[in-house]
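Consider the two complexes below, in which subunit A is the common component and subunit B and subunit C are the respective partners.
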Partner chain A sequence: MKKKDIVIAVSLAIMVIAISSALYAGGIIIITPPYKVRDLAKNFLRYSYNPWNGKLTSYALNVVSAIIWDYRGLDTVLETAVLYSAVIGITVLFRGIVEIRGLKHRGLSLLVKMPSRIVIPLIIAVGISLAVHGHLTPGGGFQAGAVATVTPALIITIFSIEALYVLKLRIQKLFLMRTIAFIGILMISISLFLYSLMSLTNAYVLQNMIREHSNISMPHWFIDVPLAGSVFLYNILEFFTVFAGLTYVFIVYSMRRKEVENMWEEVETYE
Partner chain B sequence: MFLPAIILLIFAFLSIVVTYLAIVERDMLVAAIFMAFQGVCYAIIYYVLMAPDVTLAYIPISSGLTPILILIVLKKTERVER
Partner chain C sequence: MNMVNLIIILGLVMITIGAFFEAIGALGVLRLKGFFNRIHAVTTSAIGGAALPLLGVALVSAFAPWMIPQGYYLAGICLTATILILLLAPAGAHALARSAYLCKNIRKKFIYDDLVEHLKERRR
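Moving on, here comes the complex of A and B:
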């Protein structure tokens, strides 16, 4: 028994060091990319940020973001649709749940509660910065959403689900937020196309910057920072979609017995 | 020069050890912690292989969301596997 405790303690210590070193890029592990770049990588670098040729750029310093949301935008929009419909499946499975406030609850000890009160705002800040800086530094909408979802999950385990109700994070609200953000992604993808129909010019669906045969583009420069047009907007809306969707799943999964009881009656009347 | 390869080897080996511990462990709560640790090992391997985007997605999911989901499930069922 004692040996096991030592193993757990050592592995927890290594885990904390490992997480911090992985998050703090250039910390313990200093690795720089090689100076010689292959031709394929050169092509991607040229097409992601190339202000000298407006027709072959997306003004995103992060190459991955440029590929994900600009050159293969349809892929990512459909990926978001898959996540959206997966959460709809969970909604159908759990129909008939009611949120009941004031049930008996108890969280973890004060020793866990106090540090998490300090850590939780930091996690939210990291999530939002990943979403806003998605086109400049590594990160993006999905990563930001996943980081931000850790917050409600921690609140549920540490303070109990009752604390989320106090914060007014109801499931109806999350469902609405998710739907609005997803519709926003779809609207932005066709916004330039609709604009071109009104102004009698040419434009493509999912277009971001100026391309051949079409002269309209999203805003690509914010004072002195490249904004990458629709990549920025997509990142923020994807953040809301992922955050609301995953939080919804967590709230539904951690419902108490009394809240889920109604579910079976609903299912029986349906059958 | 050889630093990335050495780090990669160490964490790949560590992840195998931790995975073994997670499978052998009877207490599911401890097994969930080992699983999170294995996720961190993989995240560092991704970072060494120069995929920071994957690392950023992998850390919250593997060491944040999945263990918490397992904790919620354990609270509703039972903790020790028989």
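Moving on, here comes the complex of A and C:
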């Protein structure tokens, strides 16, 4: 027992010293990268916000959002599709669950309920602001959806799942919302292409701003704020997709016994 | 010595007291026996070691002349974080303590337990 304590203490001390020396290394010895920006980074910065050259920019101040939704947009659409199909897998596994209202529920004590009543709207506000500001500040659609999904999880643990039913967050509604948002992402990705077919000009799939051989673009300026065209729309739709999908998973995983019982009968009819 | 210097010194004193509380909390978690004694130490360091130094940082950054434009943002963030910690740290500690109390193994070691009668009455 004594030896173990000493080992834990020494290893913790080494970890603290290592982290602090790594944090302060820039001031003492130079192991951090030099302050000069590399050419690759310069290119990324230039292509994400460069209003002086309209053909090589996406008007997104947040470089990560510009990369994710503009130059590697196809990859991100496929990632969203992966999440979408994963939730479909869960739906297939939990075939035949029914939501029953009015079962016995209590939740945690009043001392926990009151502060969470104050905090839950704040969490939703943070999530929405991350989604709406995703192209200007750090954040983005997926992160915003994940932050907003904390609220159903908190409501389920603190007030019980019955409170979600009172808020009208039903399974079918979430599924519909998710599907509509995902179809919206797909439609926006091909909208400029369809428009170009109608107006006899050139355009690419997943195009955002003006490019070399095409003159049409998404709206890129909202009054005096850069609105990164499709990046903004994608962020909001991705927020809805992720929020609805993850909330669906949370609700399904925290069903009560009586709601799940019907599942087995459904399975037996298939066998 | 003018007013601004006094306020900055007050903020620094608050940060130092916070460090003291943090050390006390760590010592308590290491040395005290049993769940409830330990959670007492942890909550002490959550309020004294997180909320108090954040208030100190807010004071320093709001009044220090060398960080005038950015200091206000930092002060606002610190105040918000303080309010959230004051709201949520007791709630989290209460939820932990309640679930630990409802677990019967921990309750066996108690010398005196007044809540048992209350629980029995509530069950009837």
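Rule of thumb we're sticking to: the second predicted complex is superposed on the first by the 236 of 271 C-alpha atoms of A that agree within 3 Å, B and C clash if a C-alpha of one lies under 4 Å from a C-alpha of the other, contacts with A are read in each partner's own complex, and residues count from 1 in each chain.
The rule is simple: contacts are C-beta pairs under 8 Å (C-beta built on N, C-alpha and C of every residue); 3 or more make two chains touch, one makes a residue touch a chain.
What you see is a predicted model, and the numbers here were worked out from it, not measured in a lab.
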First (subunit B), second (subunit C), both or neither touched by A:P138: first
Which superposed partner A:V98 touches (first subunit B, second subunit C, both, neither): neither
Which of subunit B and subunit C A:L108 touches, first, second, both or neither: second
Subunit B versus subunit C as contact partner of A:V7, first or second or both or neither: first
Partner with the higher number of touched subunit A residues, subunit C or subunit B: B
Partner chain(s) touched by A:S254 [first = subunit B, second = subunit C, both, neither]: first
Touched partner set for A:S116, first subunit B, second subunit C, both or neither: second
Overlap of subunit C and subunit B interfaces on subunit A (superposed complexes): none
Residues on subunit C engaged by subunit A in the complex (per definition of touch): 84, 87-88, 90-91, 94-95, 98
Footprint of subunit C on subunit A - complex, ascending: 108-109, 111-112, 114-116, 118-119, 122
Subunit A-facing residues of subunit B, complex: 3-4, 7, 11, 14, 18, 21, 30, 33-34, 36-37, 40-41, 43-44, 47-48, 50, 52-53, 55-57, 59-61, 63-65, 68-69, 71-73
Residues of subunit A defined as touching subunit B within the complex: 4, 7-8, 11-12, 14-15, 18-19, 21-23, 25, 29-31, 33, 62, 64, 130, 138-140, 142-143, 146-147, 149-150, 153-154, 156-157, 246, 250, 253-254
